[in-house]
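Labels for the chains are A, B, C and D, by order of writing; each one numbers its residues from 1.
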Amino acid sequence: MSQSTPQPIASPVEADTPPRKSRSALFVQGAIWGFVVLELIFFSVAGRFLSVSDTAFLDLDNMLLLLKQSAPIGIIALGMTIIMINGNIDLSVGATFALSAIVLLDSMTWPFMAAMGDWAIPLAWLFALGTGVVLGAINGLIVWKTGVDAFIVTLGSMLGYRGLVFMYNGEQPTSHLNWTLVDFAEAQFLGLHTATWFLLGTVLVLWLVMTRTVHGRNAYAIGNNREAAVNAGIRVGPHFLINFMLIGFLAALSAVVFYSESGSVNPNDGMLYELWAITAVVLGGTKLSGGYGSIISTLGGVIAIQLLRKGLGYIGADTETVNLVIGLILIAVLFLDRQLNRKGSEELKI
Amino acid sequence: MTALTKAGIGGLLARQGILVAFVVFMIVFAIANPRFIDIDNVSGVIRSSAILGVMALGVTFVVIGGNLDLSVGSMMSFSTIVVLDLHDTLGPTLAIPAMFALTLCLGAFIGFLVGYLRLNSLIVTLGMLSAIHGLTLMWSGGQNMDIADKWGTWFGFFGRGSIAGVPVPILMFALAAVVLSLVLSKTPFGRKVYAVGGNGTAATFSGVPRARVVFMTYIISAACVATAGLMQASRSLGSQNTVGQGMELEVLAAVILGGASLLGGSGTIFKTVIGVLILGFIQNGLLLIGLEFYVQYVVTWVIIILAVWLDVAAKRSRLWSPIA
Amino acid sequence: MTQPVLRLEGIVKTFPGVRALDGVDLEVRPGEVHALMGENGAGKSTLMKVLGGILQPNEGRIYIAEQPTVMTSPIEAKGKGVVFIHQELSLADELTVAENIFLGELPRKSFGRVDWARLYAETDAILSQLRVRFDARTRVGDLSIANQQMVEIARALTVDPRAVIFDEPTASLTDAEKSVLFDVIADLQKKGVGIIYISHRMEEIFRITDRISVLRDGSYRGTLVTKDTSEDEVTQLMIGRSLDLSRNASHHELGEVALEVRGLSCGHLYRDVSFNVRKGEVLGFYGLVGAGRTEIAETLFGLRTPDAGTIRIDGKEARITSPIDAIRQGIGLVPEDRKGQGLVLGMNCRDNMTLPQVDGLTSGPFVSDGAEIEIFDRYKDKLDIRTPSWRQTVGNLSGGNQQKIVIGKWLSMRPEVLIVDEPTRGIDVGSKSEIHNLIRDLAAQGYAVIVISSEMPEVLHVSDRIVAMYSGKVMREFTSEEVTEDSLIQAISGIVPDRAA
Amino acid sequence: MTRTLTAALAATTMLTGAAMAQDTMIIGITQNNVGVDSYQTTYEQAFIAAAEANDAVETVVLDAGGDVARQIAQMEDLIQQQVDAIIIWPTNGEAVIPAVRKASQADIPVIVTNSNIAEQGQDFIASFSGPDNITQGQRAAEIMCDKFKADGIETEAKIVQISGQPGYTTAIERAQGFEERLPEVCPDVELMETQPGDWNREKSQQVMEAFLTKYDDIDGVYAGDDNMGVGALNAAKAAGRAGDITFVGATNFAVGYDAMAAGEYWGSIYQSPVDDAEAALQTAIDVLNGEDVPKLNYFDTPKITQDNMQEFDKPVF
């Protein structure tokens, strides 16, 4: 009997780095950026023939605008990524967005706030963000304490929060135009718009959270194999709660960024945002079943959608084409993703 | 002994919780406003719930089969617009089968993607929600679609007619519910839907053609949508392109209220009908006691959470979830 | 005598309507490997959950190093030195080896950041202790099942444990891996760690344990010293009677060849496989996990597409591209994963049993209740399925009864060939022998039966002939007369015997 | 480096832009929600047709799909593409003001169409072109009141209102005009309840069904447009109570016109999307040509009832 001598393989402990991606993951996560590049090429070329505009699609200013315009859905989609990695879903973000916006704009008209002048602005932001966190916490607590599936819980609160939006101010829009706030929101710093800074800042922070912190890694573990996480002593409930509070916060942040600039919210605003956010997250390759996904790829998904809208408008596509193309591209990407991840002929036919 | 009785009540609540809630709810509203249980009002509510209801019947199949269908609202707009347009070009006798054929094609496409290609149903039907809306706008050119000669057609029968004093939409809803209930609970196909939704792999290992079963659930859903579109078109003899917009979530809410699990494998047609009626009566009841329409959103929220909570609590026989 | 590392005293745990544990005592000494045995449902897993902090006992005490202790969560238990290694893999396969090993206790730096340097350093230390050959940064999903099991075991070593509980740790390990595991256990023993070892495999129990405690029906039946007892004695304690595991070749005449497979290949899963099985015969397939046995069964059942080869049923060439084809041509498959593949757990007993033939049980367009109940009742009696009613949800039955439902499902179809994959996996000893007898009976009734198993006693017990597989190839075929344990082990380990045939 | 590149790009685009401006003017439009009803669709078609008929004009036609964020993005895109003028059909009369200001800061004249933006934004627009929705509401109240007077029930009549999509300026203004004017002309008529019908015929039909159950006595229905008015009419017909009720709508749709011809529907406000679109385009062209354009450029939307409907063509939508 030849006894193979045990050879302990010590992996070289490199600097303080998070786990590296396997090659297939890198390929799949890179795919969305490939798609973005494809769109850019297509619209630049098609735009030459179809657009009445004289400015090029790839104009730097246009690309900066692209980032800025991606911000409202983008910030929400980033939060949705975490929720989905965690194995949940949140359909109520659109309503949370609207309710936070109402608090933001209405609070500035409260007498004591009005008396504070422009100092009311940061306080109004705080109120709006607080609203988002509270609404998220309600979802999180219900999911945690009742054990009802997040899809159902947030489908319910999507209706419920929207009801609250209407109850706040009837069917009237809530408005407060503050030019200081608008100027801040429209400002450009180092060429990037305020909204872009918020978007990129959120990307950076959430990327760090998901790749470097214990909370982030536990969120992956819970979404990946909840029972294993529970057995390993990870308290699933508080992580759910934190992540729902986080997405509530981000929906509110999105509202803060957007309504600082626009100053008026209709009670219907933010409808369908949840669906766009989920679309962006899925385009970015995050698994609906949880446990797998990346913040950076979601950014790619958000940009891909915004680029599609912008580009279709640029080449003069009409409403029906835009709807048809966006719907079919979503399905096509899902199909491609599946083909790329197939195991080939040895797969079990179940 | 008392524990046993308690368990008995708990068991009843668990099994028929939604029915109990429905009865309690009706009694409370009837006391608040006796007109609520007026036969005209009741028949009115059922009639206006019929369209949503027929769609919910189809989605029940999809959900029990373990999938979702978010495209039904958009598809219903499509059917309505198509049948109205074809009514004036082909005549009503040809328009109805033609519309059914086209709608079933859409259902078959979704069924193919979800059943045979195994793509995620949430995303597929989300994509189709948008794509079908595009198709509808292309078909209609974005115009409202109205039948030219509203007084010279029998087409209004499905939405406005009545047989022996009972409005036709109610009859169609009831007929669809009975037929589909039999299909789901009594036929081999119905059994397979439960098996595929309950454990698709085990169903495959038992020789159940999983892909075909899923495909068929979407065909049934599309057929229900087409029926709903027919009722809708017939009822108003004209329509906007957005007539079904947002209904997918109402439909889903009704199915969930009825207690179908989104994981698949459970739910019944009867319970879905109760879910539909609850939604319809909430809306009507709140209007009757003079509350604004949006209060119904909040009430629906609370009722959905409570209903589903009660259901899962009964299944695990404890109120609060075991999540640490 | 040293004080025990762990002692349970009069543990009682009740669930609504059930007394799952009824005053159980257990004592584990330092450096001891203590086997815990009992049939499924005897209360082993409940006891371990109590010990692991997942469940709280209603009565009784837990002492760790003679200190009375209350543990309210797995993490608390681990903190007190009691570590649980689960039977079913509970790993997050998208995460790395290191993250899985330290799941729930990732080392932290400021601001809740993960201390990666420390994480990898500690992981490497543990992995080298286990002598495994994969990197701490590998994604767990990319590892083989056996390596994943090693990750599971590595988890126990992140703390200085006082007591480690192994629940069926060898279910998916090769012999080489098993011996590494046993080395690890020996190392732990040397450090004075107490070990609770749960297994149904007698050979392992007698190879590595010092004492054996037995549970039956939730109560403690006694502790035996391993070297002073016998398999028979343990079995008797567990089930109250002894178990027949003798060779059991058929005494009846064999019939025609029911199934003949020639040169079947499927990718790198298996190559050039040929065998046949006659009516009235039990053909055993023995080999390690991953040797290609299950994959052959799945191919015969239409779930995999072979690259080459022919399948003949009753002498006629069969084309099988789906389970429906397979069923139509008389093949039934009792799959290895009972809960995942065999049953729709949320459906009732009757509906599960009649599922493959529900199309044929109709009167008019509807399923005939009467026909279904008749079939169910017939096989309920025949297989002695213990359930109050056909309405019972299958998920509520015991493992043995669930398996009988799956077997009944195929018997009621009257198949030409019945394939049974791991017939007794996760089934307690008592039901095990029932199922073995059942398989023998089926053969006696003229069915052709293929049994796939990883348990040598089982294969030896039920088979008339045995096909030994190694790494996708048929190594050798044995008749029950010629087979010996040694030759079988050699064959499935890839050692080609000097055949003078 | 980047800066010089952008500068160079900007310079070339400005050059070509200037060169182009001599022969054609590029006008961008961002509409509210095309396809949601015939009015908006017909508007778009009429706008495109009018622009094609005019060789001096090229257009960039965008649709915000009812989403204010998308509309603001489209405003930014149009500014970035350096169109010569922007026409906006606001999704929200206030939220678009900063975007409108941005256009005006970029020296691009903005023409608001169909539904005006709020007071604070008036400094930044070149003109508003569209119907006067408050006046429309007032006129509807007058139509309703006149009919009640003719029927002799102006002292006891009870009515309900079905308003447009909550939050949209047009809906708010029409309801406001109606609710302000009614007590002035018919002080004894009681408006019992208002519910939104979301510009949706089906929704309106459901709302009306509930009203019919709730109130035994309904003498009149004011609907924010004919689409909803016909929905209400359908509900009343189904309940057999259409004959007792005076239906008044706004934005006369073809279905409303037909119902009027059939004697089931009393009156509405005649408002053509073709006029609306052409007026908006003409206003933009006038502004670009440096002509003097009034700040509020209403096109006339007269009353239409069964009595005078022969003076009007049947609407095309």
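What we mean here is this: a residue touches a chain if its C-beta (ideal position, glycine included) is under 8 Å from a C-beta of that chain, and two chains touch if they have at least 3 such contacts.
Chain labels with UniProt names: A = Autoinducer 2 import system permease protein LsrD; B = Ribose ABC transporter permease; C = Ribose ABC transporter ATP-binding protein; D = Sugar transporter.
These figures come from a predicted structure and were not determined experimentally.
Peer 1: Give me the chains shared as neighbours by chain B and chain C.
Peer 2: A
Peer 1: Per the centroid of Cα atoms for each chain, what is the distance between chain A and chain C, given in Å?
Peer 2: Spacing between the chain centres: roughly 43 Å.
Peer 1: When the C-alpha atoms of chain A and chain D (Sugar transporter) are each averaged to a single point, how far apart are the two points in Å?
Peer 2: 34
Peer 1: As a quick test, compute the distance in whole Å between the mean CA positions of chain B and chain D (Sugar transporter).
Peer 2: 34
Peer 1: Determine the centre-to-centre distance between chain C and chain D (Sugar transporter), using the mean Cα coordinates as centres, and give it in whole Å.
Peer 2: Those two chain centres are 71 Å apart.
Peer 1: By the touch rule stated above, which residues of chain C touch at least two different other chains?
Peer 2: Residues 73, 303, 322 of chain C each touch two or more of the other chains.
Peer 1: Chain D (Sugar transporter): which residues touch two or more other chains?
Peer 2: Only 34-35, 196 qualify.
Peer 1: At which residue positions does chain A touch at least two other chains?
Peer 2: In chain A, the residues touching two or more other chains are 166, 170, 230, 319-320, 322, 349-350.
Peer 1: Would you please name all pairs of chains that touch?
Peer 2: So the chains that touch one another pair up as A-B, A-C, A-D, B-C, B-D.
Peer 1: Report the residues of chain B in contact with chain C in the complex, numbered from low to high.
Peer 2: 182, 186-188, 191-192, 194-195, 198-199, 201-209, 265-266, 317, 324
Peer 1: Spell out the part of chain A that touches chain D (Sugar transporter) in their complex, as residue ranges.
Peer 2: 52-56, 59-62, 65, 68-69, 72-73, 166, 170-173, 175, 177, 182, 185-186, 258-259, 261-269, 272, 306, 309-310, 313-314, 316, 318-320, 322
Peer 1: Spell out the residues on chain D (Sugar transporter) that touch chain A in their complex, using ranges where they run on.
Peer 2: Listed in rising order, the residues are 2, 5-6, 9, 13, 16-17, 20, 26, 34-35, 58-63, 65-70, 72-74, 76-77, 80-83, 91-99, 101-102, 118, 120, 163, 165-168, 171-172, 196.
Peer 1: Okay, in this complex, where on chain B does chain D (Sugar transporter) touch?
Peer 2: My answer: residues 35, 38, 40-41, 44, 47-48, 137, 141-144, 146, 150-151, 160, 232, 235-236, 238-243, 283-284, 287-288, 290, 292-293.
Peer 1: For a test of understanding, state which residues of chain C touch chain B in their complex under the given definition.
Peer 2: 16, 73, 301, 303, 322-324, 326-327, 333, 335, 340-347, 351, 355-356, 358-359, 361-362, 365-367, 409
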